[in-house]
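What follows is subunit A paired twice: with subunit B in the first complex and subunit C in the second.
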Partner chain A sequence: MIRFLIKGLLRDRQRSLLPLLVVSIGVMLTVFMHAWVTGVLGDGIEFKARFETGHVNVTTRAYAENAGQIPIDLSLEGAGEMLEILHSEYPDMTWVERTRFGGLIDVPDESGETLSQGPVTGIAIELLNENSHEKERMNLTDALVRGHFPDEPGEILISDNLFEKLGISLGQEVTLITTSMYGSMVFHNFRISGTLSFGMGALDKGTVIMDLEDARLALDMQDATAEILGFFASEYFEPETAKAMCQAFNEKYSYPEDKFSPLMQNMRSYPQIANLIDYAGLMTFIISAIFILVMSIVLWNTGLISGLRRYGEMGVRLAIGESKGHVYRSLISESVAIGLAGSVAGTLAGLLCAYILQEKGLHFDVNMDTAAVMMPSTLRAHITPVTYCIGFIPGLLSTVLGTMLSGIGIYKRKTAELFKELE
Partner chain B sequence: MTNNGNQAIIALEHVVKRFPSGRTWFTALKDINLTLGRGEFAGLVGPSGSGKTTLLNLIGSLDSPSEGRVDVLGREVGKMNARESATMRKKHLGFIFQTYNLIPVYTVYENVEFPLLLLKEKADKRRKAVLEALEWLGIESKAKSKPTQLSGGECQRVAIARAMVKKPEIVLADEPTANLDAENSHHILQTMEQLNRELGTTFLFATHDEKVIKYLKRKIRLFDGKVASDEIIQS
Partner chain C sequence: MKAKLTSLLLLFPLVCSSQTPDGKEILKRMDANLTSDSRVFTSKMIIHGRRSSRTVESKTWSIGDRKAFTEYLSPPREAGTKMLKLEDALWIYSPSTDRTIQIAGHMLKQSIMGSDLSYEDMMEDPTLADQYEATVTGTEEVNGRPCWVLQLKAVKEDVTYASRKVWVDRERYIPLREELYAKSGTLLKKTELFDVKRIDGRWFPGKIVFKDMLKQGDGTEFIIESIEFNADIPEHLFTKAALR
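Our next item is the complex of A and B:
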């Protein structure tokens, strides 16, 4: 009997191929949309992590309290030892030192007098270390407009806007005027090796990127760093793991009475970012839910129509002596088979599309010069464990529910009425 | 009364059937009393709306009476639950429809095999029975064809084969020749007459087709939901 029903299912394209296609397409769209929305909203957060906060970061308690002022005088000393601890206790994480500072760039004329001056935000990263992935993490290769990356100490990168505004030429020496970690005035000369454009005002206004060792030398920060940023291997923020890490680390190494003791924070420790994460989570939920609902209605309808279309066949089968329960169960079994096959096919297709967009991304050249919020210029999908199973809600559940509902008609109608419909 | 004096296998006593019609009720059958014996070749004859199909549905346990009692093969239809009705149809009744109602995705062989699958007959027994039924009806060469590849007469032959393959005690045929031309109608009716004679199957038709009426051995004329006459034709 089962073989007989399968034979019928396979031969009747209206019963098999068409619903299978509809379910597959619906599931594919659901899976893809979920990955896309998760990726796009998540990328905003990841961008923030890569440039500013890391997924977790370690700094002094005092620095954390005044982080908005980037107070390098409150930086973490003994950075090498702390890095060793972090590497040994959390070997799966990537740990990088970062120091941000404020200052002025002074551009001299031929006689050494000030030609122009401009305020800058300096970001010191591991630029000369060949094993470092900081260039990729901050997408510097794509942002390079002129010149080349520093390949020896004393060379820096500067934002292209500022470069033009101050009338600097490549290879020219400029003076960084700032304060050292100990509060003294600092004048340090650097050579401009290249310029950068991130495509967004917040970074392009006046950013200087230099090697960490150069910054240490200039700012008198021997074995010190403003922050140590930690990144998860998945490259995505993992809130629960981050929270647990911070709790364990702080219990062991951080002392509330010592404002220079290390403190580990995660992205959610920053109220603005926490709001952004909550907002992204909510938006992902809402968009996915709307999409799932729409697809569920479509697929529910498919199941419903497929069942209604076969009332005639049901009439014959009942007349021949098949019980209503058997007819109903066979309808549901068919819809489970279609729903399952469609969900698997749709999920695979959706995952493939999402994977391509996760790896390649969608680059857009929207000018964000005036944007104050940092957003990536390449949007990517992001496949999460939820992406693997989310398509089964509209694909399997709705299809089967639709069939179950249409099948209820078999029970509610008297056999003779089904029979009349058959005639 | 029964035509041949045999034991009654269908008995209706004071049967009334009403259907809801808006806020009122429409009475389709009014106080029907009828008995049919084993091996009869009888027909419910009358104009459209006289209650033929309703009566056939009651006998076929597809519906239950509003009043009165319908006994089929010693079981009271009104007291059977859905499962028992289905079992009755599966084991003892065969249906033939005006529009054939073959399942289009299955071949002729598979359509005829279907009732035996429901009876959970073994494969070799099924095969033998199906081929025998196709042979009776002269359509063995069409075994692998789909219903859409057959003529109307051939489709009705397949429908008869499907009804007869399990050798039921009663076959209920609702306007079986309505969609057939004269020649095909006669072939079909001759075949059914032969099956009635050789297998002793009881045939009950619902028809107003003169071609069918000519073959009947008992004509039960219905008019306005009542038995107007019950005539036994002497051969």
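Our next item is the complex of A and C:
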């Protein structure tokens, strides 16, 4: 029976091609739109994770309490051992050490006297480790304006704005004045290897990026790190997994009475980020729901029209003795076949478009110099498990419902009227 | 009548000593103990941080309250760091960078070597009588010693602490406890002085415990290991060239 119906659909292109095309296009748009909205709204959160919090992070309890002040005196000691534990217990995650600190950059004149000074926020990452993906994770390659990345200890990157403001030249030695892990004022000389521009005021105002080992030397932080950030292999925050991970880790390694014991937190532990995640989730739901509703109405109509268009055919079939129920069922079966084929084709096409945008992204060269919050300049789509099946709601359900509705008419028709129509 | 008069005359000195002296007078006598034309001292600073304690040793040469030169002797990471104070300016030399940097602006609020003392504290004029108006508010006992309780209010705008509460030893005129307040009334620092000794005709503390109330940790012990008052100090020590 099904083979017979499919043969009919294939041979009568008028009956199948147009509905199939409409369903496919509708489903493709739905799938792509869902991935795009999820990606764009999620990118702001992922950017925050990549730059600041990680999907999960491990700090001391005391550091977590005062995280806003970036208190490096509360850093985690025995960082190497902690990293080993994290790598062995959560091998699927990527773990990186990071240290952020505040300080001043002092630029000397020819006689070594202070020429200019400016406040900076230092970010120490694994910059000289070839196996580290920190440069890519923080999108530093695209942000490089002049010079090159540090390729030996003692070299740092500085934000381009500050570079110009302080009148520094590439390769010049400057002094970092900051506070060590033990609270004393420390001085350390660094050579400027390159400059960065992130396109947003919050970072461009005064950021210094240096290798973690250099920071350890300057800040007197041997085998210590301010934070260990963890990233999921999917590169997207997984709230439930993160929550379970934190609970298990803290039960095993964190002691409330010891403020220097490690504490694992996930992104949602930060109230501002939790609000952002909730907002993004809600917006994704609302935008997707509106789009699905619109597409459902369109595809419902497709089903409805394709049923109504075939009233003549129904009449003949009833006249030659086919039962009303059989005609109705065959109509629905055909609709299921078209809806299914259209949904599969549309989902594949939508996924392909979304995949391209997920990998390549859309770069927006928007000036965000006054922006206080960090936002990415490249927006990407994000394919989630929902993306694979969301197209079937308008593609299959709406088409079949439309057909079912139009097919009800078959039962209301009288045989006498049918003959009259045929004449 | 004669007997009454005799007993009054005998009690007169006691009556006089129990009288509350003027706040200004107490400050002057206190300053006389604590300030000198010049001095050279070696000290040990035990900094009790949030997770561990560490000791920093230094030697300081100073002339009045206007010139001071400090060289840090240990631990190795700090050894060779030198500080020069000339009037209202402060420079620090770090041997690891071979740079002499002027400490100014908000950097003055930074802690010295992670202690509970700030560079601003170091820059402060120690002569309290010139900067504060003192009122004696009562008497209390500190570490078993009877003290005058003085409320100090700044008469100048540019002082680090707008008001102070000082417990001054009634016999030795040396502060035994001090509370330092901001203009808003927030308690910023507490100090306690111990081991008061007679050195060269003046009373001087052997140990001062500083506690920055805005900082976690158990305070900083400042122990004076040796001190020489009115010593001859070569003038060239108070030049930027001496820092390197």
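Here is the rule we use: the second predicted complex is superposed on the first by the 400 of 423 C-alpha atoms of A that agree within 3 Å, B and C clash if a C-alpha of one lies under 4 Å from a C-alpha of the other, contacts with A are read in each partner's own complex, and residues count from 1 in each chain.
Throughout what follows, contacts are C-beta pairs under 8 Å (C-beta built on N, C-alpha and C of every residue); 3 or more make two chains touch, one makes a residue touch a chain.
Note that the coordinates shown come from a computational prediction; the quantities given were computed from them, not determined experimentally.
Of the two partner chains, subunit C is the only one that A:Tyr182 touches; subunit B does not reach it.
Touch criterion met: A:Asp220 reaches subunit C, while subunit B stays clear of it. In the superposition on chain A, A:Glu97 makes contact with neither subunit B nor subunit C. Applying the stated contact rule after C-alpha superposition, one finds that A:Asp73 touches subunit C and leaves subunit B untouched. When the two structures are aligned on the shared chain, A:Glu52 is found in touch with neither subunit B nor subunit C. In the superposed model, A:Asp160 lies in contact with neither subunit B nor subunit C. Legend: residue contacts after superposition of the two complexes on their common chain; A:Gly321 is shown touching subunit B, with no touch to subunit C. Contact with subunit C, but none with subunit B, is seen for A:Pro108 once the two complexes are overlaid on the shared chain. Judged by the touch definition given at the top, the superposed model places A:Ala62 against subunit C, while subunit B stays out of reach. The part of subunit C that touches subunit A in the complex is made up of residues 47, 49-51, 54, 56, 77-78, 92, 94, 96-102, 107, 110-115. Residues 62, 73-74, 77, 104, 106, 108, 112-114, 175, 177, 179-180, 182-189, 220, 260 of subunit A are the ones that touch subunit C when the two sit in their complex. Chain contact summary for the complex, subunit B toward subunit A: residues 57, 60, 62-63, 82-83, 85-91, 93, 95, 97-99, 101, 103-106, 110, 113-115, 117-120, 162, 174.
Taken in their complex, subunit A has these residues touching subunit B: 1, 4, 7-8, 11-12, 15, 312-313, 315-325, 414-416, 419, 422-423.
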